[in-house]
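Next up, some structures in structure tokens.
Two complexes are shown next, each including subunit A; its partner changes from subunit B in the first to subunit C in the second.
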Partner chain A sequence: MRTVAVALLLTACDPTEPPVASTLVPLDGPRLARRMSIDLRGVLPTTAELDEVEAHPENIHALAETWMADARFEERMVQIYQERWRTSIDEFRGTIYDYGLSEDESYAFNRSVGEEPLRVVAHVVATDRSFADVVTADWTMANPLLGSIWPIGYPAGADGWQLSRYTDHRPAAGVLAVNGLWWRYISPIFNENRARAAAIFDLLVCSDVLSRPVVLSTGLSISDSSTTDAIQSEPTCLACHASIEPVAATLFGFVPLDDQSALEMETYHPERENLGSSKLGVEPAWMGHPVAGLAELGAAIADDPRFIDCAVQTATEGLLRRSTGAEDVVLLRDAREPFVNNGLHLKDVIRLVVQSDAYTAGGFTDDATTETVDHEATRRMLVANQLRTIDADLADLHWDSRGYDQLDNDFIGFRVLGGSVDGVTLTAPQRTPGLTWSLTVQRAGEVSAGRIVDRDLADGATPSLLVGATSATVPADAEFSTAVAAAWWRLLAQRPSDDDIAGLAALWQSVVDAGGSATDAWTTVVAVLLRDPDFVSY
Partner chain B sequence: MKRSRHVPPASGTSLSRRRLVGLLPASIFAGLGLSRLARADVGANDRKFLFVFAQGGWDPTWVFAPEFDNSSVDMPTDDSQSVTQGGLTWVSSTTRPSVDAFLTTYANRTCIVNGMEVRSIAHERCRRLLFTGGSSADINDFPTRIAMGAPSHLALGNVVFSGPSYADSTASGVVRIGENGQLGTLIDGSCAGTGLRVPSTVIASLEDAYVLARAQKAASIAGRGAEARIAAAYTSALIDTPTVTSMADLLQVNADDPLDQLLAAATLLASGAARCVTVADLGVDNVTWDHHSEITRQGTSFELLFERLITLMQTLDSTPGAAGGTLADEVTVVVCSEMGRYPQLNTSMGKDHWTTTSLMLLGGGIRGGQVIGGYDANMGGVPVIPATGESDPDGVAGGVVLQPAHLGATLLALAGLDPAEAFGDEVEPVLGAIST
Partner chain C sequence: MVPFPMLVALSLVGCLTPTSAWEDPSADDDWSSAVDTPEHSALLDAAGVAAAFDLALSLGFPAPQTVLADYVELMTHTDESCPDDYFADGFLEMGGCTSAEGYTYRGSAGLIRTDTRVTAEDGSWTGNYGLMFAPADYVIIRPNGSQLDAGGNASVQIIQNSQQLNWTTRMTGTFADEEAGGWLAGGYSGDLLVEGHSGSKVEQLIDGSLSVAGAAVVFSQVRLEPDACPDGAVSGTFGIRQSDSTWYEVVLPQGCGSCGAAIWNGTDDVGEVCLDLRPALDSIAILSAP
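Up next, the complex of A and B:
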């Protein structure tokens, strides 16, 4: 991450265009619309939207604007930032038992805590606020659960995630002042907030100090030198800690006296803010610039060019579904320009990225280099959290068990098995299918297919996917081809060939011949479409 | 202590190992009951690996590092003493009889490595460093590298019963069982839950055949790059699914029982379907080895760990291998933890994090009866000459302080893979740890 950000700065004045673009072949309109819709709002395009871009491919960007205004865009930003910030984990030190919640509320509790900082970022982006608000806002995002357990003034009578404010007089510092971030990135008391400071560098300026090797100087003696002394005097320690310590010093309002006490951890402690200087022996600062506290730290970070670069890089990588490298310097630079010039609205970055050659690519020309072929994500794999929202939209199904969303937890569910980031062991979405992913796709497809068929073929229903079909429709009927073609178009954004339809008709018949009912046959037809290689990738 | 988070898999209770053994072809276990089967020459291609990970950071001074002469190190205050036997030196105590029993019995097959610099003190980072040799998110861990480098395709490749697993974006050979063994519920369909349905076996076979044909067609017409990778890997996964389904019972483990997982690992490795298995050990409380208070819990944790390792080794010794000897000849066991602990006690009578740690290699391919490396006066690592495993305290003979990459290079060499491809020429495998 750091490498690209530095390269971006170094090449900011270099007009040289890399040759990558000329060897990329874009997707056709419907498949590109499918990609954009999945990336921007987490669902497939509607049939009408596909029809529109098929007839008028140039309308794709107008559709993208619509999708960025969709309420589901904010949810997608939560997902994209989870992949980078990794706060949505399955277990926190504070638990449901600390708050008298039931076992069935465990999933909701953990997701509420973990998503709090993600929701702040997503709300900033979705509502066109300045991205600086991420580290300067005097508000957070809360849902009724957080509002009921933490010192948050959740709007009376509201529902869902709402802009809210803490009531414990914590500084206005955006995500730097929300519990969810510091419950995820804990620092043991002995660690004096250094781990949290490292998280700030990693998440907000894409500088991963923890990747730098700890090298013990032979001159360092464990017998006569305290850790603090060494950190302030040993050159090998100072290389990182000269930056870390002053940031850690700003975070002591979040230090609990007892790190097993949820009450201590949920409450901000203004009276402890000044402990940082004495505990760490340094004054609070950001990269050499003194700050008076957390609020000024946020402001200082917002003014740091690396904060801008990191925001651009994070959004770009989330959309391209791959890491950025030297090949992407021009794209990153181009995306940065409107972001900086127009008030730090991240949608400007997103708008530019989804129009880029790298984003729209679906293949290569013959003269594409091996490096380009290896680097570009011309096809992306749907992972668990994407299947979750797509299937929920298609089937009106929330696949859960004991209160756990099965595609969004690793306790009893299939988030990691389905290729999504858990934030601990899988820190980037899986990009190549594996066995457990295939099984997850299979079961998600099957349960969704059952729900879709039950709904679409119910007596008197107007099918939303199997258009024109009824429970009495059989392959010999014209309605069968119509329904299958409609489903194929909606799910794959491709027009099926006659052979494709005949293949599904044969499958339908083989299920019946094997003793299955018509419902079984239709369910199988929909299930195979939901497992199709062109459905599970985009 | 945190509450246990174990929820039994919805499909039912875990099977006993005895029952699992019965699921394998009888020929594999024809030799069961023999106290020790003949040793066999095992080629690198037949080498398998079991990673036992003490999660949370262990304190080497309770077993591996008898630093009684170092006044800067707080050693256990029970009756611990340094013992040397069979080429090994360790910290012995009457409170840890299994440690003594293990190291006495298996000394000739055990290599202790001391003074490995993990180069971080943050748990998550240390785990990644320990298992991958680097800190990037785009590096495969050692088990994944080894599994992907297998001479022939394995349906399961690298199985993770518990513990860390790091794979880059292109790795498709990792099979995670899930925190509570939920992979089994995917396989048998019980994951669907109330009100939802999955197809009958007959219909599922029709469904699978159709999807496989579509995937194969996609693979046949795919362009280059990601499109081809995804299509090919999806096809491969679909082809492997029936094999995995037939082995579902082998993948059913008790998430709260490391011994159950270790024995399941042995069974799985014996089946030949997997080349690597990872099992986490969570210490005495079955939560973590991260003892910032009550450091004495390290002693109990080590005792339990070695008790399990004894059972594991007995199982490996009594299980026939594929090459004519026993499974013990073929399986290299790596027992490790992500970090060490600060040499001195903190005010809670615990120990905080430390960058230097120890590990243990045992079993197939390992030159036992030796301690490689050591600790200097400040509990830093003593340089080691990789080719011989000899210490080079002054660094005058080309010695290097061992790091996780050296561990990885050594394991890749054992697996018949080129360490240089993963770590470059500058990271040499510790050939001194490998039997010739």
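Up next, the complex of A and C:
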């Protein structure tokens, strides 16, 4: 089949044929830098960085290298993979009560559990490890909370997320052997790990077995015994189960015998590894190749070209903020090439994607087709988890309530309302503005604006955003225009026109005329910038 | 490699330039299959397999009596308000509470007791003795920080009449108490059913699996008759785990013995392995007593 496909390509594509001209118009340097900075480290570029790419657009890729070396890059990988792996959910079967934690620790507990597999991937990417480590590593990532409640050897005296190891003799299989993944993707006892196997296919080789078309025979009974027989003999069932069952058979070390017990769920059970064969009637295997347990499953997945394709696809889609399709085959192929040739470092994929036409696009030429316009994302929405890190950087805003980050939970917060993925009800980030997103953006902007103004206009302060302004500055002062222009540049990566500045001056004055203070007026000006379409998109 | 559907789609739009620079990560991929066969781990020799088996039982043969007694003792440190008495001989404390003696009780625990024993003047008894958790999803923390962790169930049922003593024990789930010593300190996980009787002859059947401190074994219909077979088993199959999570199977020949061929992963014969079954044989005395 592969031979046929390659032959087909060779006959269909003439390498001497000139490439089709792109109908995508790239962003200018500063706006592209803004997009890259948000994607790679979750914050806006500094004013100095914007100045640099404005003067020397060619330096943007050197900046991108710097940003990929930034500690915040690893955090961004966590967020990007959350959108695809969906493990940071708000509630797990194991709870704070199982561990004697307080209500105030509920958010931290759930995030710690859900982020564990994401942190493994992010650490592999950020530290230039081979991506195969994602399914073969003998380590996990843990924070002090996980180190205190699970059988994990967390480094003594350390803080934050650290490379750690489980102490319960589980196999070395990367994310396949971490609790966080299997607390998210649970398998009811009767399901015998099939749901977990489906998750492996979905997350690691981008094959969604649940979306495969199934036409069941009308004569098929659903009694227990006949269902089991059908799974092993009925062609319609075998279409999925022939590959699902052998993978499910490798996962029985994670099956709790008491699914209400956190102790059972947190502990790896080596003695149950062999139950798979008897429960499912098949031997462990990956795509027809026998494997002796979970560690070999990880190795087999790492050796599967679909794992490589999926890694490239996931990273590309995370950066393009859209799904990929036939239009992106060249990009995916080009991104794959350095990945497989240079040791499976995902940064090679990222490096190539952020230079691609699809990534840098900020608009279309007049002759762009409707299909292209529908497919490409030339303007991306900032969603809750991005606002969270941007506002933290700009305004030191940490929007907490009862220990919950309000832009990162849906129990009492606004994660989904703000367009992010909760992993259960919303499995892809919001692509177009909506009412709740608008309200979330507005409220976050208002709070951030107040904090920025209080900080910048405090007596003796050196303003970091409203450069040159003081609490006494009014629109008639030259410093007003300077401050507004600086804020505009930093927040939107655009130079404001005189009309833009005049408009904000009029807004400032209208607040004062209505009885507001200078602080109120400045807060209004900044809040408006923080709701500007060019701020809340990138 | 570009996924096949994408290749087809690409051929239709006609825009892919063939490349030859990149190599598949599985360098020896001959394209006859999508996946390379992973490398297997190094095999243990026969002595290594025997040692792995010994390791699983080196801290003693797990007996539910141990963890039940541990629990009963820890429940003597309660006070009037901590824990509650939601379950018989137990509690339901979701967030946990700490008694006046400094013992913390968290989770749900209870006991079902049956005791119709009648003791004769010579100390022997007849009747029915039973003790089982209902439920066992709890942690009890001592003032010194050590704790009994339980998730699952453990039960003992012993019935004795004038002719015969019958016992059934089962321990399902995970139990650990670092202060208890032996296998419970190492941490037990498993589902182990033991049935036995003594009268005209002593027999014990062990079925299930266990791991202690990460060393795991499977007992499949292991039949012990210490009078007829004092150092081995009459029959049975054992599974023994290697640290890389691959397994050896040892089938004892029918009759009496403790040696059998060890097969790794259903494929490789690593030779005859002789297992030390004394911990299993010694367990008869422990498991048959209340």
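Going forward, the second predicted complex is superposed on the first by the 507 of 538 C-alpha atoms of A that agree within 3 Å, B and C clash if a C-alpha of one lies under 4 Å from a C-alpha of the other, contacts with A are read in each partner's own complex, and residues count from 1 in each chain.
We take it that contacts are C-beta pairs under 8 Å (C-beta built on N, C-alpha and C of every residue); 3 or more make two chains touch, one makes a residue touch a chain.
Owing to the predicted nature of the structure, the values given are computational and were not obtained by experimental measurement.
Chemist: Give one word, clash or fit, describing how subunit B and subunit C relate on subunit A after superposing.
Modeler: Once both complexes are aligned on subunit A, subunit B and subunit C fit side by side.
Chemist: Is A:157 in contact with subunit B, with subunit C, with both, or with neither (first, second, both, neither)?
Modeler: neither
Chemist: Under the stated touch criterion, which partner chain does A:97 make contact with: subunit B (first), subunit C (second), both, or neither?
Modeler: After superposing on A, A:97 lies in contact with both subunit B and subunit C.
Chemist: Taking the superposition as given, does A:380 touch the first partner, subunit B, the second, subunit C, both, or neither?
Modeler: Once the two structures are laid over each other on A, A:380 reaches subunit B alone.
Chemist: Should A:533 be classified as contacting the first partner (subunit B), the second (subunit C), both, or neither?
Modeler: first
Chemist: On the A-aligned overlay, A:435 touches which partner chain: subunit B = first, subunit C = second, or both, or neither?
Modeler: In the superposition, A:435 contacts subunit B only.
Chemist: Give one of first, second, both or neither to describe whether A:308 is in contact with subunit B, with subunit C, with both, or with none.
Modeler: So A:308 only meets subunit C here.
Chemist: Looking at subunit A, which partner touches more of its residues: subunit C or subunit B?
Modeler: Of subunit B and subunit C, the partner in contact with more residues of subunit A is B.
Chemist: With the two complexes superposed on chain A, say which partner A:460 touches: subunit B (first), subunit C (second), both, or neither.
Modeler: neither
Chemist: Given the touch rule stated above, what does A:523 touch, subunit B (first), subunit C (second), both, or neither?
Modeler: It touches subunit B, and subunit C stays clear.
Chemist: How many Å separate the nearest C-alpha atoms of subunit B and subunit C in the overlaid structures?
Modeler: In the combined three-chain model, subunit B comes within 10 Å of subunit C at the C-alpha level.
Chemist: For subunit A, which residues belong to both interfaces, subunit B and subunit C?
Modeler: Of subunit A, residues 97 contact subunit B in one complex and subunit C in the other.
Chemist: Touching subunit C in the complex: which residues of subunit A?
Modeler: Those residues of subunit A that touch subunit C are 1-2, 5-6, 8-13, 15, 17, 19-20, 97-98, 100, 132, 168-171, 253, 256-258, 260-264, 267, 269-274, 283, 286-296, 299-300, 302-306, 308-309, 325-327, 329-330, 332-333, 336-337, 340-341, 344.
Chemist: Considering the complex alone, what residue numbers of subunit C touch subunit A?
Modeler: 1-4, 6-19, 21-26, 29, 31, 33-41, 94-96, 104, 106-107, 135, 137, 139, 149-153, 172-174, 187, 189-191, 209-211, 213-218, 239, 241, 243-247, 265-266
Chemist: Going by the contact rule set out above, which residues of subunit B touch subunit A in the complex?
Modeler: 2-3, 5, 7, 10, 71-72, 117, 119-122, 124-125, 135-138, 155-156, 164-176, 178-180, 182-183, 186-187, 189, 191-193, 196-200, 202-203, 206-207, 210-211, 214-215, 218, 223-227, 229-231, 233-234, 236-238, 240-241, 244, 292, 342-344, 346, 352, 355-356, 376-380
Chemist: Which residues of subunit A touch subunit B in the complex?
Modeler: Touching subunit B from subunit A are residues 90-91, 95, 97, 188, 190-191, 195, 198, 208, 210-211, 213-216, 218, 220-223, 322-323, 362-364, 368, 373-374, 376-381, 397, 399-402, 406, 410-414, 416-417, 424-440, 442-443, 446-447, 450-451, 503, 507, 510-511, 514-516, 520, 523-524, 527-528, 531-534, 536-537.
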